[in-house]
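Dropping the structures in below, format is structure tokens.
Common to both upcoming complexes is subunit A, partnered first by subunit B, then by subunit C.
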Partner chain A sequence: MPRIRTLGRIGIALLILGLFARGQSVRSIRQGTEAEIKAAFLINFAKFVEWPSETSPGNDFTICVAGADPFGQALDRAVENEAIENKPVKVRYVPRWQNDCRILFVGASDLDNSQFLAGVPPGVLTVGEQPSFLLDGGMIALVMEDQRVRFEVNLRAANRSSVHISSKLLDVARRVQK
Partner chain B sequence: MLLTTHSAVGQSSDSPVPLKQLSLEELSQVQVTATRKEPTTAFRTPAAINVITTDAIRRSGASTFPELLRMIPGLEVAQMDSSKWAIGSRGFQGRLSRSMLVLIDGRSVYSPLFRGTYWEAQDTLLEDIDRIEVIRGPGGTIWGSNAVNGVINIVTKSSRQTHGMLVSAGGGNVNQGFLNWRYGGGNEVFSYRVYGKGSTYGPQNTPKGPDYDDWRMGQIGFRTDWKPNTRDSITIQGDSYGNEAGQELAINSYAAPYRTVVDANGFFSGQNIMAAWQRALKSGSDLQFRAYYDRTDRQDLNYREVRNTFDLDFIEHTPMGRHELSWGGGVRISPAEYFQTVQTVDFLPHLDNYKIVSGFVQDDISLIPNKVVLTVGSKFEWNSYSGFNYQPSARIAWTPNDKHTIWGAVTRAIRTPSRIEQGFQFTALLQRTNPPRFVRLVGDGGFTNEQLIGYEMGYRNSNKLGFVSLALFNNRYSDLLSVEGRPEVTETSPGPVHTVLPLLLRNGIQASSSGGEITNLVDLRPGWRVRSSYSLLLLDAKRQAGSIDASTVGQLEGDTPAHKVVLQSFFDLPKRFEFDVAFRYISSIPNQKVPQYATADVRIGRTLGHGLELSLVGKNLFQPSHVEYGGIPNGLVGIKRSAFLKLTWSR
Partner chain C sequence: MPHSLATNSAWFQALPIRRKLMFALLFTSTAALLLAGVGIVAVDSFLFYSSLQRDLQTLAQIVADGSTAALTFGDEKSARERLATLRAREHLEVACLYLTDGSVLASYSRSPKSGSCPKPQLDVTVTSSANSMDLSQPVVLQNKRIGTLVIRYNLEELVGRIWLYSALVLGVLLVSSLFAVLLSTRLRSVIASPILDLAASAAFVTRNKDYSIRAPLQSPDEVGELVNAFNEMLASIESREGDLQKSLDAQKAGLVQLGRANADLQRLNSDLERTNQDLERFAFIASHDLQEPLRMITSYSQLLVKQYPSGGDGGQQAIYTQRIVDGTKRMRKLLSDLLAYAEASAAPTAPGTVDLRATIEKVLENLRMSIEESGAQVVVDDLPTLTADEGQLNSLFQNLIENAIKYRSDSPPRIHISASCGADGPLVFSVADNGVGIEPQFHQTIFTVFKRLHGKDIPGTGIGLAICQRIVDQYGGRLWVESPPIGGTIFCFTLPKSNPVSERKGTT
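Up next, the complex of A and B:
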């Protein structure tokens, strides 16, 4: 009776899976998906960054996402009702830097980070997802550590680009390259 | 603000404050429950694509590439014995996966001798893989010939991401012992890593005759990444490997005893080195050159081939307003020498020089920015066996918003002849009469390209619970390989006197396959992710006019399972335990006499601190052993229930 045996095994597998539905652990630690946490970081960074005053085109504050998009809808949701520099925040998914991007987020992809960073003018905050993003000249890298999202800052790159990063942000950074 | 209700799954219910209102300090303490990268990376891609991520590799407990591919819908993966695998994509399953292209960091590992991939010879440090992209369906426009039914792209991490030391070791009853290590370092400009690995596998369950299929392998390699400035990056990498694998094979001879089954070791080794140069141009476009040299030396029980492949290619991407233009070209020269070791197996000429020249152009047109993208392009290729061919495609993706993508594609793809169809003679005993009768497979160059026109469509939905993907296809093949019988002849040389029934390799079969795959990924609660998939394949083959082939139709229709179900659960337990289960059901493979089966793998892992991780992996747990595929003269080999313990240390 191979068919019945097989069905029995599927049943056992489902049972194994089902056991865990009841066995959820009680945790007091705050949790979120990687996408949600990274989106929240991105919104938060804006509170600690001053952009040079001469670069403020457009009526919206545009966050551009290039490379592989890690957010799904998490970023779109996070920017609802948000304002930066008194402008409503808008998210655009772009192949590379475009004129109205104030923050350029570079998702980890098979392409080299520097391809996305080449040609970005001063006054744009660049945020990436790999430790190597800073080596490539990016300003803030979101990195995973012990199941948490932390960030590192390349202060030299920010200064070079006239983006001022508050010391409060630097205090929380896991590492600051000066 | 609806954020908290939107993300009821992603966030625990006792925390009403949206994440974005937390301070940076608080955010740094939030625990990540699910890495959502896998679905979103491929979300807008107008092809049936699956991506295996670093984390999925680690939690699979797999120790070889084929084991990783088991979880992918639309791929048929069967283990033949300890070292051999039969893999297919949407049908055409076989020992060497003839209609599928496999690339490791852009280096093709498709062998033009017996057409396909020697899976057991392909390896790297699994911890250093960035991702594996699996594309079901034709990919000839970008990747060229032989990407008829699928492409598998194995991409390793940049050495900038692998600084530090990693050592893992362990053993068990089938994976008897293994040791893997890597060391990497560097700075802003230059990074490097070196790695090595060795494994020894015990035999599987051979019902008749001795256990023959023990397997030992070792591999070392390196990678360097150099960024002299912000525009250029240069990567140099290389590997060297050696394998010794037990094989069981029938050896035929014109003199008595005509046919003997031999158990002995096959030896294969290889070395490769690759240099890639990437440059971001001021115009906004980027350019990449790649050159590699790949040497393989394969010594099976009935032949030996030494092949040297030289490959040079380049690709440029240029964004131009609504267009994203890609074009490129390449040259491959692959001289090989064949050494005859058995009277009844021969490739002619013994020295052969296979050459390919190719170019492609593709345009991604944003018909409606961010919403509708049309991709059109074609490959143009010339090879020294079958001359010129072209492989165009048109793909369209509509992404009305970030929750839905609908895509469709029409593609032409080609499988080009290999040496086996160009100049090959394989003779096997048919009857022990007097004089004895033999059957002879003859590749005489009368075979030309196999063709496919593929129609595909798909739908993806990303919702608050997870991700659903549906892909449907109808593939229409023509000029598929057939074996055409010719009148029996008597041969006196080489003696003794015998008769031979020739079977010529021709293009006499057509086929149509239909089916689809549905994948569902759900984050049931924080720390518990479940992925499930179902794959269906229906294949209908028939002879073309003029063909008298008697066996291929039955083989094509009966060599691949029609149904496959995969269920995976990744569960984070308290106290840093991980509990992962992978269940699979595969329906019967009639032509291989393999009955349906269901089995499961389980992994229990725990991080111990100080960079240590301990895991216990059990494979094929439902039965003491089960068969997955035929192909061995002494009957079906049972794949055993097995387990191993693994300790990983990284710093």
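Up next, the complex of A and C:
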């Protein structure tokens, strides 16, 4: 038994070292800057969301960032070596809606979000960080609570857009609007 | 088991059958139940353990799957809620969700003394200790490990189960032992009783020697066969006993008959002896008293011949008278022989020391006339001295020597008298001659009184050998005749050895 325990400890140490070496996305969930955590959230949402099968254009999985960019370099670093639906993840910073976006992050801006979102076709996951984002028809809104990043979900908007959000994600959400 | 069969076989052998049956039943049921109990507990524990392991792995997979979002977004509250669903498992003590950096996102403890989180492992791992089982389940999202779920399960349930089973087996054991004891009393009447009855019957037969009883037949099994064999044996012994008794009775009856016959024979014998004595007395008296008138006839006949030598009838009278004289002479001889024969049967009158050589010399002197006349040669060997009546021995030898001379062949007679003296046993005397001999068919009859083998050409009364026979009989000896191949006759007789005083050198 002592031998097995020793092996187990060595295993854990290796595991932890390996995970540290792999990237910051994991570490950034609880440690790291707000920008890093938000970037990780954005990528992790993709793991609990199913897009309608007909909307899979292009060879890349594209995340579009519109409006004010809260990530800085954090998002670009986070998507390195990441793959969603077996496709490499690309980040594009756009002024307005682009065709090949799978996730559309809407940063703070002067634009009317409801108008902007109305122009987005179904099959795109919309994420924002303004308090009124869900009311404007957005699907997921990042919110700060006790110095921690959390999110709320507008399930109706997602359903309307044929984006299926996993119940696991809903469990974690601070609030779900139905 | 209090005693094992192998080490205490002598002790077990000495037990009564009833006890043996009880112990056999007890041992068998106990051994069977113990084996069955241990087997059931072992198999049940193993099955329970493996099914528990499968259960826990499934459970861990479900919880890990549900915890992916919580781990991904580091949501401690959601993670705790996930783990709290494990409360349904009563013996699940600790559950922890590790992040990939080795820190604990959330943990669940059934009670404050449940302890801390077990260490996470690389792969799916089950580690068992004496009373707990640790399970480490990686949490994977889209082929990427995002954390580890660790569960500690208390195995007291399993231990409790084993104890419960053991108690159950023990209980059944007690009940079955009781049942075995009860059953053995019942079996006793079925199995042991016939044997006990048989033993009692055998003991009864041994004690009372009564073979008429029979052991009761109760069952047609081996014991029944034994009872049958025993009964058949008894019957056989009984019939043999009867036969024996019958033959004993017959023997007794035979003995009685034999005794009766013996008594008859004795009576007849004494009758015969009396008759014989009467006859002998008659013969003695007759021969003695007849001599007197006979002497008168002889005397007067001789007187007649002397005074009237020739009658008027030309000598016929003298011839007749001479014939009367001859007849009376023959009659005298006959009478004196008869007298001698009668006297010979009397007991020895004067037993004394007899020098046989002297006796023989006297006999030869008596017979000198006929010896010289016939030219006989008499050879006498060494002869012993013995105790007897001299007159009887004299008569014995005289008769035999006289016969040897009388029945001679054409050549002059040669007579050889000898005595052989063995180391023990009687003396054997023999008187051998070279005479005419006696044919074997007459060897027995010649000793009968008045028995003669020759006609009137050789004078004789036929009493001589009968007298010899009677004398030898008197001494308890034996007289017989032999015919040697070279011819002649040997008369042999035995006399008891009566302290011979000395032996003298024989003479011719």
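Basically, the second predicted complex is superposed on the first by the 147 of 178 C-alpha atoms of A that agree within 3 Å, B and C clash if a C-alpha of one lies under 4 Å from a C-alpha of the other, contacts with A are read in each partner's own complex, and residues count from 1 in each chain.
By definition in this document, a residue touches a chain if its C-beta (ideal position, glycine included) is under 8 Å from a C-beta of that chain, and two chains touch if they have at least 3 such contacts.
Here the structure is a predicted model, which is why all the values come from computation and not from measurement.
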Have a look at where A:G138 lands relative to subunit B and subunit C in the superposition and call it first, second, both or neither.
neither
Which holds for A:S166: it touches subunit B only (first), subunit C only (second), both, or neither?
second
Under the stated touch criterion, which partner chain does A:N81 make contact with: subunit B (first), subunit C (second), both, or neither?
first
More residues of subunit A in touch with subunit C or with subunit B?
B
Quick check on the superposed pair: does A:P70 touch subunit B, subunit C, both, or neither? Answer first, second, both or neither.
first
Once the structures are superposed on A, label A:Q147 by its partner contacts, choosing first (subunit B), second (subunit C), both or neither.
first
Both subunit B and subunit C contact which residues of subunit A?
9, 16, 20, 27, 29-30, 41, 44, 48, 151, 168-169, 172
Enumerate the contact residues on subunit A facing subunit C in the complex.
1, 4-5, 8-9, 11-12, 14-16, 19-20, 26-27, 29-30, 41, 44, 47-48, 151, 166, 168-169, 171-172
State the interface residues of subunit A toward subunit B in the complex, per the touch definition above.
2-3, 6, 9-10, 13, 16-17, 20-21, 24-25, 27, 29-37, 39-41, 43-44, 48, 68-74, 76-78, 80-82, 92-93, 95-96, 108-112, 114-115, 117-119, 130-132, 135-137, 144, 147-151, 168-169, 172, 174
List the residues on subunit C that touch subunit A in their complex, please.
66, 68-70, 72-75, 78, 81, 99-103, 119-122, 125, 127, 129, 141-142, 145-146
What residues on subunit B touch subunit A, complex-wise?
1-3, 6-7, 10-12, 15, 18-20, 22-37, 39-41, 43, 130-131, 155, 158, 160-161, 188, 227, 230-231, 233, 278, 280, 282, 284, 286, 319, 324, 370, 402-403, 462, 523-528, 530, 567, 569, 571, 573-574, 579, 581, 583, 585, 595-600, 622
